[in-house]
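Below is a structure I'd like to ask you about.
Just so it is clear, A, B, C, D and E label the chains in written order, and each chain counts residues from 1 on its own.
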């Protein structure tokens, strides 16, 4: 549950723009990578720290600074002043429980969203906050932790492919990064769908309480996913409506494409949720069916043996004058009578389709 | 479930516009058919391949190119360049998990939707993606597979009927194709409704777990249908609002008609969904009723035989001094007493309406 | 169910505007009635057939042509050409599964809606499609069948009352017809409410499976009603917003009144639906209560007689050395002991409020 | 139920504006009260009948005519002509099943809403329709019955307080009347909330079927309340947006205040509804818990006594050769053995937390 | 429940603007604190009473008057006249059941919202109404009670930090106060989440009726929270859209930030609600699972012992001629036979996975 409600209490009473890191501190210090590129040049280097205030080259050169690990408050503060980023943005970068959103600060655009990871072992989703500041000729991406990212394909495309990515502005780089993150959502949905399939087979073959708890855990993961993905649709929708001049006219078409993907993610997520509900219904129906079955077995047993027990009890009475007890064939007669009773009842149950 | 979430992971990290085929590869290669027609001429021929870059004749002649099987990436790429179709469109044509949508690319309009087929044997719905590119004097339709289509009636109307279809632009052809696809949805809904009727009769006559699983499967098919049909309403709605000049004023009325049909499909679908829910409720009510019935039988049996067993047990005790045992008519007296007890209880149950 | 999904498959592949009759063919041929009226004249006559192309007199005279039975395709076609009605409208008149709608064709307005009838015997709702074409100086109403209509009061008002109905245009006649149809919905809702009341009394007095099936059937009728009534609100809403010049400014007030009635119908329908759900909940609660009751009876019986049976079994054992069996008052002592046990258990159950 | 669907069938086929009284005829005839007031004068008198056509004095004098009992059709008709009230408005005044609404007729404004009363004995809500016609210098209020109203405080304020109510136009009087009616809703909600509290205590202490039926009846009352209150929000919202010049700019602020109150009423109503649902859930949970309890008791009893009965039955067999029967301490041994069995089972149940 | 519906009945019939205190009277009298500050001065003093009509210094000096305890009607009235606050505002300040709202009175802005407190012992939420009047150069905050507030951090920032808070207008002070209140909501959500976690662990380890009642109580608290928080989103949304000139352009960015926080609060609240529903579902599932378990135990016991009891009863019959009774090894044979029966049934149950 702690994943769903983060501790904000540290921040109570502080002035807005005061930098406080929220969330589990990730190990290690900050790693900074800088890539400067244009149609015909590309330079990539690791920065020692954010304290170097290296301003980006003028357009059309594009500078991409990728910061991993945002827990060091002072470093970020210095960096923010350097790039004239508003303290409120820096605050949001550090407070890693942001709802995905896009905000236009005139000189730059601030986009925040979630990068998801599915822990294969526990089946839990893990989210890492990703903040992106898009300026006229630069893009800075802040990742919450150091555990690597999903951006390797973009780095490769920047190096090898001299296509559109190298020839247009940083807004296209923004598209490339968002696209990778959204594609990653598809990957996660695929894995969840696979697990759901396994669960469903189990549900039909041999449902037990473990199955139903797995369904509930999955339902909770969907809640977590929903919280991360749902607002993203609105974010990309706003970018694609080109409310900021930082988004070039010519790249709108790509953002529209990205928007379609986001809508598809949301759609698929809703479908998976509907299916989970369906699975729970199936489980409950089968539980109530089995209860019925058990009750029928009990009733059949009781209905057969209670009359028999009565009959044998009857002839176990110690009355002096019970003529049947004296009969030569009293015992076999009673046995035969009881067999008839049993046969009659079995016939009755069969007719009632009880077994 | 795999039908609901397609594998998109192949595409992660690729530049937008990179052509990758998503979905099950359909057998066979690509089949291309070209129909050029106007008010007084019509030519129909099979093209060997998409590699022939045969540009359409100028208006008012209309060229309809129908491509079946879109899995060959290179061919499609060549074809796309030929007609100046944007790589993002080509990408969408290949990625066969598109959500129905209509996009205006200025020079042409891109419409994507689903052609459905109901597998009679398994009762499963199967979807084939249909992409349509509508230009000023041409229309290209891309079908996902080679398994035939539902367009035969349009071909016949083109050949035989010299009416409106031959005299107006390709937007009317677009209407004709969409109309057929939507009519096909009605056909599928009819079949589903019939099957639902059968299920319902079963539900009343003789419900078992098979019935309820059939209901759940049908619910899932409705989910699948919903995903294909719901966005279509918006697509046709946009076309009918004539947001693109490629749609002629005079044909709007037909698109409005088509829009009405789409709304009707959605309406009918919702009605069927409501009925499915109702059927599940009936099933659950009848299960709980039957449980009640079974419990009553058990209770009646126990209530009748437990006292009787107690009585016969009583006179089976071996006390030395039990005066009743010595009585002349003790045995028949006990028998009569037990008969009275049974009659009394039966009367009580009858009064309580237990049987 | 067939009432909810009509066979549209006949129409697949036909050009739009091709006339095909959908729905059950109603008996008999077409009956046509023509009423021409103005402030000071009124002429009413039966037409032999629709083939007479009698154009209406010029305004301010109003011509009302009422056509009953629309299954004869050729006749309708001729008639349509005569009045210059668009083939798509004729198609909709014949396809009797239209969703209520209002369409503006410039020269005339096309309104389609449902006339409902409650079959008293089976409790089923039956719908008849009513199409109305409103021109500048004429109104044509097409009824699906010949089984009579609800318009008699309008005919009487036309004949006897020389008020507003005779002095204004055909749009007021449209209002009068729609008003009658909507008033008829109130009548049907009243009858449904009455039947619901009966059902409810049954539910409290003596609920059985018949009651619950009656509730489900009523729920289905509400679904049917909903499909017919819900879109009507939007239809009348559009008329009342006066989107067409065929609606006179001075009559808007009456359409607004009609709109209020439609909203009230929808409101009442929703209330009835809520009450039906409530009734189902009551049924389920009472079923589960009765199950509890039955279980308690069973438990009380078992709890009383099992110990007793054990005791009498105990003294039915055949051990050589069982001192109690020899006692003088062993038997009455056991009887008294058992009475005490029973009394104790009854006291316990009473305290637990089990009966 | 009759309270939810009123008989409209009387009105079928009548021309709009034909006056027919709907609803239960209230006893007695019509009572009319007239109050003429201005900043420095106030005259109050009872009118003998509505037939006196006393037109209001010119502004700034304000005339308030309060009519109780609207079932006399002819009188109302005369009155309506006198004040030039549209027949449709008179029709609505008589048809006492109106949905709350506000209509602008240019010269005057027509507002209709419900005055509620909670019958303390039966717990049923009763509604009385209140129609208000607001002109430039007059306000006429029509009450459905003669059973008194909630307006006494306004009369007192008019007489005693020479504040705003005496100095501004009739729109402020309208506000005062509406305010009283809405305040009355709060009173009713308070009473319902109190009753709910009582029910809730009962639900926890000692729930029975009476409790659940009280909950369902309360749910139905909420349905009734919802129907009366929900549309009122929209009505006051329209008044407060000042769509009519009859509402003075300076009084808008008071209508805004009234609107806030209406929103609060709706809010509170929704909260009470949510709580009712919660109470039903608690009831169902406790029923299913009790079923569990009963089943456990039964199972414990059966599990303890069935083995014991078997053992005593065993030694009740009549085999010639049963060595145990001959043993000196056979009987006490069996008793001890059975005690051990019982102790073992009780220990097992305790461990399983069955009691 | 009394917390959800406050007694408004006191106010019925009073003229709008009549001051009546609603809600529990809080102990003690009114405490007033006045802080006057600018970029370079700050004066803080306690006022003896509200009767001193000390008007604020002109801008850019800002005056913050914080009033704790609003139950003294006369004092407030005097104060209101002094600051020319509209009587309707004063009325709302006293009626402590306001729905959060923001109203623009031209000269000043009136904001009302709820300050929440979580009673650690009872787990109940308590709300205190907070009214804020924002003028051009002053801000007055009215708290319902004297129990302290959450504003201490703002006072400290005013004293120590000479930043933005001291240099800009009272609208930024408004932001600071709202921000604290919203931060406080996060704190409460955190605590609720923690308690939910505890409950959840209990639910899995050892669910009983106490657990389910705790869940229902928490559900009710969420209802209460929802009522306080949901309208706040709209309030802050309106402030941030800068509908009043009292909000400076330069501070909009901070209100936007606050709006984000409010959205996050609402989001988190919805997530917690979803989780509560999930927990109830888990409880109900586990109850029905346990019922199944109990039924199985009962059925196994009955199925094993009923046949055995029948067999021993059989050989307890007193027939003269029962050959088995005479056999030498009759008794051990029966014992062995019964052991076989038990083994068979256990095998059957094991195969059916009943234990």
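Following the convention adopted for this analysis, a residue touches a chain if its C-beta (ideal position, glycine included) is under 8 Å from a C-beta of that chain, and two chains touch if they have at least 3 such contacts.
A quick map from chain label to UniProt name: A, B, C, D, E = Magnesium transport protein CorA.
Values in this document were obtained by computation on a predicted structure and should not be read as measured data.
Enquirer: Taking contact as defined at the start, I'd like the list of chains shared as neighbours by chain B and chain D.
Expert: Shared contacts of chain B and chain D: C.
Enquirer: Express in whole angstrom the distance between the two chain centres, defined as the mean CA positions of chain A and chain D.
Expert: 43
Enquirer: List the centre-to-centre spacing of chain C and chain D in whole Å, with centres computed as mean CA coordinates.
Expert: 26
Enquirer: Do you know which chain D residues sit against two or more other chains?
Expert: 288, 291, 295, 298, 302, 306, 309, 313, 316-318, 322
Enquirer: In graph terms, with chains as vertices and touches as edges, which category applies: line, ring, star, complete, or other?
Expert: ring
Enquirer: Taking the touch rule as given, give the residues of chain C at its contact with chain D in the complex, in rising order.
Expert: 150, 152-154, 156-157, 161, 163-165, 175-176, 179-180, 183-184, 186-187, 189-190, 193, 196-197, 200, 253-254, 256-257, 260, 263-264, 267-268, 271-272, 274-275, 278, 281-282, 285-286, 288-289, 291-292, 295-296, 298-299, 302-303, 306-307, 309-310, 313-314, 316-322, 353-354
Enquirer: With touch defined as at the start, can you tell me which chain A residues reach chain E in the complex?
Expert: 1-2, 4-5, 7-9, 11-16, 86, 88, 92, 97-99, 101, 103, 105, 206, 209, 212-213, 216, 219-220, 223, 227, 280, 283-284, 287-288, 290-291, 294-295, 297-298, 301-302, 305-306, 308-309, 312-313, 315-318, 322, 324-331, 334
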